[in-house]
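You will see subunit A twice below: alongside subunit B first, and alongside subunit C after that.
Moving on, here comes the complex of A and B:
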């Protein structure tokens, strides 16, 4: 007889094993879908892999694609670890890009050493305010954060639409029908690293992940975030201001997501438009979850998803497999990883019953 | 597999054995062993229940009482050994099988539907009446049962209207209604006043006189002494079965713990000093704007323990919440060393040296997944003592937890163990260590011995008395009158949010306090 029992102590090998198995199972399930679509799964995975990691250029694309995903993933980690179910990352990415673009109009002409930190701060402030607003709705008026963050997502997305569709920031002339701003001048685009195609923003997610890890692990705020996520009653009874902690969490989370938006604007899109931003926030939720709500896990998950996104491009170019398969794969992998995270808490016992 | 109990033919040995008994056995458990994930909860337990007896299962938390009763009630299937009901070996796969065999159980946490009436709660799930409930016959039967046993209860009252103590009668009535022959009662008196618990025992004796047999699970010595026989469990083994009349509380405690236990407390005589806490006219409202505290006035001096007696839910929790700053009062004042602290936050109260031992330790006092070390600084994580620069000083926190684990005898593999894996006693020690370390002057202890083993209770007593000697003022609420009579210098009794009397434990009797707990005011007033 085989039984499943709850584990008392987590076994890291078992956890890692279930995760690898989940990824493999996710790939297998995706392969089945490719096969039913009439394409060759091996061919699909080959192009996907080479498009993601097969060449120096592919790796660079992967890094660039994973940059915003890791940041929105970290935003998810900070919020979800506190059991604050913010799904406002999408809107905060937009807010970050908009506030960052506003910054460029105010700070234009400053030397790069002041300009870039300046616009990044502008962008971060945008997401921070949006997240903070939801936190205040939650702490003062008891508005559920899921509802408020979804609503602010719409607010931010349509605000951008308004600004660009004939609004004050719309490009006039040939590009007017595209809902986009004028391109940023070359001086206002993020510089590239040592003559590569990588903008310097790709370093930020790694810095941010280390900061988040240290913050969660080593600081009083991190302690409070984790306690808020596991026993807010005890935390409050023992004198920590819960409302203040919630506001801090949602501001940090909003700021991280906004960072993704402003880096996309200055590093990749070089002009303000929704196409570059859409979906980054929602994908970040998946990345954070797959990363086990841990900063370093989120970096790995972000690289995986960045690779999938980069591979999808080459799949579209090289073969006739639809690139829209990739979001389906992401979803499938998430489902398997979520199952694995439950599995990791159990073990299989070969029967001993009577 | 069939859900029906598979009743084996009695073996000749069993038949002979049953035949030669003087008193017929209602139930026999032979060599029952049950393991959970490597932990042996029951190890070859033998147990016999005679018809018409109250048989106590007595032991510390984790001694295996609950597991044994769960096996008898069909919740668990034993790994080895067998259960014999009225001479027939049985195999039970669910409580349904047990009920068919005439075994009933009243759980520590009642399984009643609050929105149903008493009658509905009793007959739902017990009648084969199809869609419509026909309650006439049931009502008739319940009425006669109430009369026969002297149970006073309104069958049409909603369960949510009933006090917790009364809900117990519903559970018992349900067992009677089902014609249960063997009844398991799991810590039935935890929520009762002394008076109610005496009535419960009277009813139990009547049930036994009518041929029922009762298994009573408890860890209170006073209750054990009212039974016919006692089986003491220790670490999963049945260490002894004795006739109650041939034993003494001291002997039982020794059997339970496995060593000598002193019940007498060494309380020094120190004169109370200056007043530390002065509360006057305190009032607070609950969620539905109902009065939960009404005109509560009390004061505690240095070197003094003020006991609060009362059945759970009479405002003790709210009083502690107001005093610790978690809840704000509507009226009245709180003075701490002369300063008005009526509207301060928990933070401000903690900074003024107020320690709080909450009654629900895992919910209010500890963060379950956090380690012992982390829980020791809960609430003080921003204190400069535990920081170096921006970061938590892990070295210092680890050193602290090592010291505390040694000083408070916290049994755990190391200080990285999540507190949710600790036993209740060890978890309580973590709270004691933290609160004693960070408080000065006033200690608020709500039910500090709840659910703890005798050994740990002794320890908590000693710690509280030591703090008293050091000059702390201590507010101690407990449902266990023995705690209060052992420790307190004065006992205030709470009923429905009010203090209905203050007595001196040196002169008062348990009965007097019990009357007050049941709401009968002192003649002389306060």
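Moving on, here comes the complex of A and C:
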């Protein structure tokens, strides 16, 4: 006889197994979706994966595309591990890019060694403030963080739209109808790594992931974040100031998401434009969850989805399948992964009940 | 500025308020049922978006608006089935389920839309027209505001008392409210908790699908990405601000609709405020409104907690 029983201990192999099964099921369901729109799933996946990992150029594009996803994924990890359901990453990416662009106007002319750290700090501060504001809305006014972060997402998006369409940062002239800023001068673009097409910012997600892993596993704050997620009552009895922990979590999470926005501005887009930023935050939620809310897993998931984003371009060109297949796939895979995360807490037992 | 002009503007604002609140009201009354049953559905936005897209697809491919309304309702119910499966059967966290569903809906509607259009000219349709009621619409001021609306707007006004009656005057409503307060009591009596939760979520989501469908068929003639633009989230805010009571939720919805109507008219009249900042008003108002809501007496005790016998 086979029964299903709740696990007391977590088995990492079983957890990984359910996750891989969920990824496979998600791919299969995505293939069905491709078929519903009248396209050939095999052709779609072939061009998708070839465009993601099939050549040196493809791998570089994948690295560049995964950079912001890993960062917003890490932002998700920090918040969700504390069971704070912040989905403000999208708005924080926008805030990071806007604050980073503001930095370029104040710090213009500084030597690169001061300029780049300076504008990055500006950007990070933008997201940190936005995240912190939502944290205070939660701790001080009891406003649910999901709702407040959604609303601030819309506020950030509309603010950028205002700044770029007829507002103070709009490009005047031929580009005026595109809702974008003037391009950054070459001296203000992130330098490239040893003659490749990779900007220096692609290293940041890996550094950030290591920092997050160390912070979660080796520091008092990391312990408090995890305790906030698992047993906030006990944490309160221990004497920890829970409101302060929530604010710290949202600030760190907001700063990480904003880093994605500012790197995208200085490393890839080279001008402020909503099209370059849209969706990075929401995709980061999926990346963080598929990464099992662990920094290392998030790096792997980010590379996978960065690959899909890079492959989507060649898929559109070669097979004429819309690039928006990728966000659709991300959503489908997420639903399967959520179910798998529940399955991972159960085990299949043979034999009679003890 | 003449008095006649001012009156015309006022009539236009109030009429627009009723029109704007129609999709919100359908969805909010549906989600009220869902939340009173203990399911904290955060997937309203995605469900509404799905309803809008399916309505667009059916309206442009068959030419029948009422078929499109029916399809939007069905699409909402299917989304509800997914939510119910994940929350009532799999017992995934309600918040995370909703987030997942929103991202899923955002991605898949865009993919289907782009596959449907394929770079060609985008098909459009002629939406619902006003249906002035005979005699009543001739009453000065009140006539053009109240009695010269779309048919579904009249229907939406009847939904509030209907939901109130369902929740507070029927046996099913009693069981439903019990689901949100004390599901164990139903379980002990031998009444199935999951079956009722499936029913409540699918009903609520079908209503949200209807709201999304109306949004498409009465306000626009074509689909764009993120068409619902946060209206599902406004519904979530309205439930909290309305303290999970039909009348309170109605008042919150009216407030949002009035704000949006004023914002759109301010553009027309030419107030010296940038368009984007006016459009951002409802979102800002949501935050301020929730900051002011200090009482949560109406919140179902088990809202958001997956029920399990263990």
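Note that in this section the second predicted complex is superposed on the first by the 349 of 354 C-alpha atoms of A that agree within 3 Å, B and C clash if a C-alpha of one lies under 4 Å from a C-alpha of the other, contacts with A are read in each partner's own complex, and residues count from 1 in each chain.
Please note the rule applied: a contact is a pair of C-beta atoms (placed from the backbone, for glycine too) under 8 Å apart; a residue touches a chain by one contact, two chains touch by 3 or more.
Small disclaimer: the values here were computed from a predicted structure and weren't measured.
Of the two partner chains, subunit B is the only one that A:230 touches; subunit C does not reach it. When the two structures are aligned on the shared chain, A:241 is found in touch with subunit B, with no touch to subunit C. Of the two partner chains placed around the shared chain by superposition, subunit C is the only one that A:341 touches, whereas subunit B remains out of contact. Considering which of subunit B and subunit C touches more of subunit A, the answer is C.
With both structures placed on the common chain, the touch criterion links A:218 to subunit B but leaves subunit C unconnected. Legend: residue contacts after superposition of the two complexes on their common chain; A:56 is shown touching neither subunit B nor subunit C.
Touched by subunit B in one complex and by subunit C in the other are residues 6 of subunit A.
Only residues 5-6, 8, 214, 218-220, 223-224, 226-227, 230-231, 233-241, 352-354 of subunit A touch subunit B when the two sit together in their complex. Remark: subunit A residues 6, 33, 36-39, 85, 87, 137, 141-144, 146-148, 150-152, 154-155, 158-159, 161-162, 165-167, 282, 285-286, 289, 320-322, 324-332, 334-335, 338-339, 341-342 touch subunit C in the complex.
Put simply, subunit B touches subunit A in their complex at residues 35, 37, 77-80, 324-326, 345-347, 349-351, 356, 358, 363-370, 374, 378-379, 381-382, 387, 390-392, 394, 421.
Chain contact summary for the complex, subunit C toward subunit A: residues 42, 82, 86, 90-92, 95-97, 99-101, 103-108, 110-116, 118, 229-230, 233, 236-237, 240, 274-277, 279-280, 283-284, 286-287, 290-291, 293-294, 296, 310.
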